[in-house]
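Presented sequentially are two complexes of subunit A, the first with subunit B as partner and the second with subunit C.
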Partner chain A sequence: MPLLDLLPLAADIAFRPEVLLAVLLGVFLGVTVGAIPGISGDMAMAVLLPFVFTMDAAAAIGMLMGIYKGGLFGGSISAIMFGVPGTPGAAATMMDGYPAKQAGRPNSALHTALYSSVFGDLAGVMVLIFIATPLAALALKFGPRDFFALYIVSIVVIASLDKGRVVRGFAAASIGVMLSMIGRDPFTGAQRYTFGIPELAGGIGLVPLLIGLFALSEIMIQVGRSFHARVQTEAQRAAQVAQDAGYDPRKDKLSRQEFRSLWRAMTIGSATGTFIGALPGAGATLAGFLSYALAQRASRRPQEFGKGCMEGIAAPEAGNSATAGATLIPLFSFGIPGSGSAALIGAAFIMQGITPGPQMIEANMPIIYAIFILLVLGTLMNLVVSKALLPYYARISLIPPRIVLPIVVALAVVGTYAISNSVTDVWMLVAAGVFGVLMRGFGIPIPALALGFILGPGFERALRQALMLGQNDWGYLLQSPIALAIYATGAGVMALFFWATFRRGQPDAA
Partner chain B sequence: MMTKKTIAMSATIGLLLSATAAVAEFPSEGPIRIVTPYGAGGGIDIAARILAQVGEAHLGARVEVVNMPGAGGMDAANFVRQNGDDGYTLIISDYGPLITLPLLEDTPYQPEDWVPLTQVTEIAPTIVARSDAGFDDLAGFIAAAQANPGSVAITHGAYLSSSHLPLLRLQDLAGFATNQIPTSGGGETVQFLLGGTVPVAVTTPTTIAGAVEAGDAVPLAVASAERVPSLPDTPTLAELGHDVVMPVWYTIFATANVPEDIVAHLSDGIAAAYASDEGQELAARANVDARPISRADGLQDIYDATFETVRETLESVN
Partner chain C sequence: MRHDLDRKFVVGACILLVLGVWGLWHTYFGHWRPGPGGGPMAIPRIMFLVLIPAALLMIWQAFRYPESCQTETVPMRVVGAVVIWALLYFWLVRNLGLVSSTAIMLCVAMLVLSPRPMQSLKLVIPVAMLSAGAFWVMFTQIAPVLQVRVWWF
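Now for the complex of A and B:
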């Protein structure tokens, strides 16, 4: 469909009051939960997943993406105000954000964070819009062995990049793949690994697993230890420090000139974040730290970094927000979610009857373009809403989790049940929650397991299809230029990251 | 004075009255639930949601759609089997969960536990070749497969799905063998066909309409009793001398324990709802070729015939 015919159709879908409201709500919710330490955007998306199911596709995806964007910025509010990153992605922002606040410039720091966040986010979305369709067209040429190459490279890259815990990441991804095989053999329909338990014949549900792992396990842990106390102390300490410093609001304004000096840092952050976000497995946290490091190297005043300089806020904030749009590139083009958040968006697409994959864009052009429009609008809404509410948002971080968490638990249980009216799913949710607690306890990365679980069926299918087509000759898997190119790229990316990791020493300390 | 005869008569009249009352009463409470064995957004779900929009005027109660995916449709079927004897809980399904599954494994219900009320639509499994496959009719495909048994690769959706069974039956009756590659569904089936992985596929007319129009794919035959409106030049397998009539239907069922008068009320009401102007308009917008067939139109025979064909085909596989 030519773009000129398409845009009015897409605009018709996007510019409806209920759709715009859903996105606005998502952005607001995202910033709010992002600002509360301990509740991340992922968690909010996981819990709301069953509820967006009844909305139409544009509103549902728009709202979830709003939460994701908002969450990425919201996390930096508590990072700057209290030195507690509200989400892991904001950890790098804290390195200069909190010192800036202590130096009496909280307002400048928050505004720098907001503007860079919006800038980075827009950059990521633009790249998504212009690259996803051509990439998907390329993906239509893929056969089973090419998909197998893509799956195995994705799994290996995801497993090894997750916070540098290579062995644990790989174990988690493998467990995820194995869990995905419980239920029915996709090729013969025969039951397997169900141990005679009829409830397992349908396999493990994606939604209960995701909600349990991402949301319920975190809540279980927080209920166990009083997280509240720590935030409270941090807040009091911060207030004290601000008072001691003799805070003067008149001196704490971000001048136009100062903002312009951040251009270089924001561009570096946006480019880094977009690239990192598009790679499966490397998420907002890595993007933040890498942007920070690169901006410091490129800065005229590198010695100021770590002492509260605005460049040190702009770069990681642009970097982590740029991942929001970019993380959808592999999902839209190949059906491979590159991060936990993209996995949740992918699950929402599936629930809307749209299967992520190379055929997705072509088969659903108006809706996909409506979502593109909403992604841009969501960014602008984030700017407007957050600018207006910035003074209040800082206080949101003080809402005690003991008030928020029970609501989240109730939503998680009700939502899981509502999806397929199945009590089994609720038990799976609880089991996944307990499993998630154990994983967190042993330091096993949860996103790696979730991605292994999501990629598992495609991985298995592609391998078996390829072996059938090659009449059981494993060499067939390599006799494709596309597959070979994917293996080579995967090896290159791995080498690049290991090199960067060893040079920087500890990559993601937070 | 009442004789035995008058007592018997008044009792009969009373029974008749209560029987009429039962029809008049149904539905005395709402809503009527239509359970789908798959998630929201698929073809069956959309077909059900059309009824949810237009059903109330024809059935006398609100219609609700409940998605109950899981266990290949067994969860939904079992739920309706257990809760549907009053006629307020129905299932909309293709033949997979209700016929294929019970024939393959131990299910808590049997094909005869269901009474088909109304068939909503019919979709013809279509055998389609890539335009550079080296053959452009069914005879050419069969000859190529016979020349090199098991070497012509063909994608067909899931194993023993409604796209796979017609292929198996054709292979059995015409005597040839292929390298059958299961896929995740219509999208992947067509991708592997057009991307050059396989020369032939079995899929639905809508998934290949674009490629046929562009000249990238050639439909060889359809597995329905009559030709498909969107592919008027494509012969049916029966026309070509192969007894393979295995269309996929989307049909709404009640359990076999629902009283006969309620069954008739539902069957006619649902058919009227889909046939109404509003129903047809919604269906056209959702790309559903809604041509309702009620029990009065002979739906039971269609169901019985499908059961026999599926049973024979599965026997030929094992």
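Now for the complex of A and C:
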């Protein structure tokens, strides 16, 4: 369909009031939960998944993306104000954000974080819009053995990029794929690993598993922690320091000249975040730290990093936010979610009856382009909402988790049951929660496990179709130039990361 | 700082190893329906072949780099309490109605987690009531898919 015919159709879907409201609500919710240490955007996305059934595709995906975008920025609020990152992605922002606040510039630091976040997010979304469609068109030429190569490379990259836990990443990905094998074999109808339990014949439900792994297990661990105590102590101390120093918020403003000096850091962060975000398995945290390191190297004043330098806030914030759009590139083009958040978006697409993959864009063009429009609008809404509410968001960080966590558990339980009014789903949710706690206890990365579970069925389909075409000759899997190119690219990415890791003298461990 | 060998980590890795060995044995000698493209056991076999060396490497690394192979102590009492709370809440939702059980159970959880329960009452009760109201809006007005009683009466 020509673009000029498509855009009015997409705009018609995207500009419906209920769709815009869903995105706005998502952004607001995302920044709010992101600002509360211990509550992440992924957690909010997971517990809201059941509502996706009752919404139309554009509103549902728009809302979830709004939460994701908002959450990435929200995490920086408590990182700057209290030195406690609201989300793991904001850890790099804290390195200069908190010292900036201690130096009496909290307002400038928060505004730098907001503008950089919006800049990076917009860059990632633009790359997604211009790259996803051509990549998906290319992927239409792929055969089963090429997809098998893509799945193998994705699983290997996902397992390997969690620095310091590579072996555990492989264990997590294989456990995830194994969990997806439970139930009926799609080719023969035979039951696998059901151990005679009829409820397992249909397999493990995607939504209970994701809510259990991402939300319930995290809550079980959070209940025992005391983030709040530190936040409150910091808040009281900060108020006293501000009072003693005669802090005047009117004088703490980001000047135009200062903002202009941040362009280089924001551009470095956006480019790094977009590249990292597009890789399966590499998330916002890695993007933030890598952007910080690169911006420091390129800065004219590298010695000021770590002392409250605005460039040190702009680069990681642009970097982690740029992953929001870029992480959807593999999902939209190949049907492979590259991160935990993309896995949740992928689950929402499946619940809407849209299967992520190369055919997704072509088969659902108006909806996908409406989602592209909403991604841009969501970024702008993030700017407006966050700018207006910035003075109040620091107070949101003070909401005690003991108030929020029970509400999230209740929402998880009722939401999971609401999907199909099935008691089995609730049992699976609780089991997934406990399983997630055990896995976290052993340092097994949950996103790798969840991604293994999501990739498992496609991985199996690709392998078995390829083997059928090759008449059970495993060598057939290597006889495609596209597959070989994918393996070579994967090897290149891995080599790049291992080289970067070893060059910094940080040997990898379990 | 010197780190001792974390036995829990080693036990966990050994469990993964046993699982991997059992699974691989099962894909060769278990009862599988023959199927096209390697059969239903093709992917499980590959995954167990990945799991076994991963588990062996984890055991080796636990001895070689004990500092990076430490398990996080998860208070199992807290985990158990959350599980019991979640299941009790679910049972109440089905027997007592959505709004009433949400309000009651949220009050209980917030008060239990509060360091000074009696002083928190002024905050907890309105928040629990408001949350129950929000649940009513979400699950009966926005997405009326829940097949349970809404009210107590």
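Basically, the second predicted complex is superposed on the first by the 489 of 510 C-alpha atoms of A that agree within 3 Å, B and C clash if a C-alpha of one lies under 4 Å from a C-alpha of the other, contacts with A are read in each partner's own complex, and residues count from 1 in each chain.
As a working rule, contacts are C-beta pairs under 8 Å (C-beta built on N, C-alpha and C of every residue); 3 or more make two chains touch, one makes a residue touch a chain.
Remember, it's a predicted structure, so these values are computed and weren't measured experimentally.
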- Based on the superposition on subunit A, does the combination of subunit B and subunit C result in a clash or a fit? fit
- Message: Contacts for A:51 in the overlay, against subunit B (first) and subunit C (second): which applies, first, second, both or neither?
- Response: second
- Task: For A:465, select first, second, both or neither according to whether it touches subunit B, subunit C, the two together, or no partner.
- Result: both
- Task: Using the superposition on chain A described above, determine whether A:489 touches subunit B (first), subunit C (second), both, or neither.
- Result: neither
- Message: Quick check for you: in the superposed arrangement, does A:142 touch first (subunit B), second (subunit C), both or neither?
- Response: first
- Message: On the A-aligned overlay, A:167 touches which partner chain: subunit B = first, subunit C = second, or both, or neither?
- Response: second
- Which of subunit B and subunit C A:350 touches, first, second, both or neither: first
- Query: What is the C-alpha-centre angle with subunit A at the apex and subunit B, subunit C at the ends, nearest 10 degrees?
  - Reply: 70
- In the superposed arrangement, which partner chain does A:188 touch: subunit B (first), subunit C (second), both, or neither? both
- Item | subunit A residues touched - subunit C or subunit B, whichever exceeds | C
- Smallest separation of CA atoms, subunit C relative to subunit B, angstrom: 8
- Query: Once the complexes are superposed, what residues of subunit A are shared between the subunit B interface and the subunit C interface?
  - Reply: 53, 187-188, 421, 465, 468
- Per the touch rule, the subunit B residues reaching subunit A in their complex are 39-42, 45, 66-72, 74-75, 79, 104, 153, 158-160, 179, 181-185, 187-188, 190-192, 194-198
- Where on subunit A is subunit B touching in the complex? 53, 140-144, 184, 186-189, 201-202, 350-355, 357-359, 363, 420-422, 457-458, 461, 465, 468-469, 471
- In the complex, the residues of subunit A that touch subunit C are 50-51, 53-54, 164, 167-168, 170-171, 173-175, 177-178, 181, 185, 187-188, 190, 192-193, 216, 219-221, 223-224, 402-403, 405-407, 409-414, 417-419, 421, 426, 429-430, 433-434, 437-438, 440-443, 456, 459-460, 463-468, 472, 509-510
- Touch list for subunit C against partner subunit A, complex: 8-9, 12, 16, 23, 32-40, 42-44, 46-48, 50-51, 54-55, 57-58, 61-62, 65, 68-75, 78-79, 81-83, 85-87, 89-90, 93, 98, 102, 105-106, 109-110, 113-114, 123-124, 127, 131, 135, 138-139, 142-143, 145-148
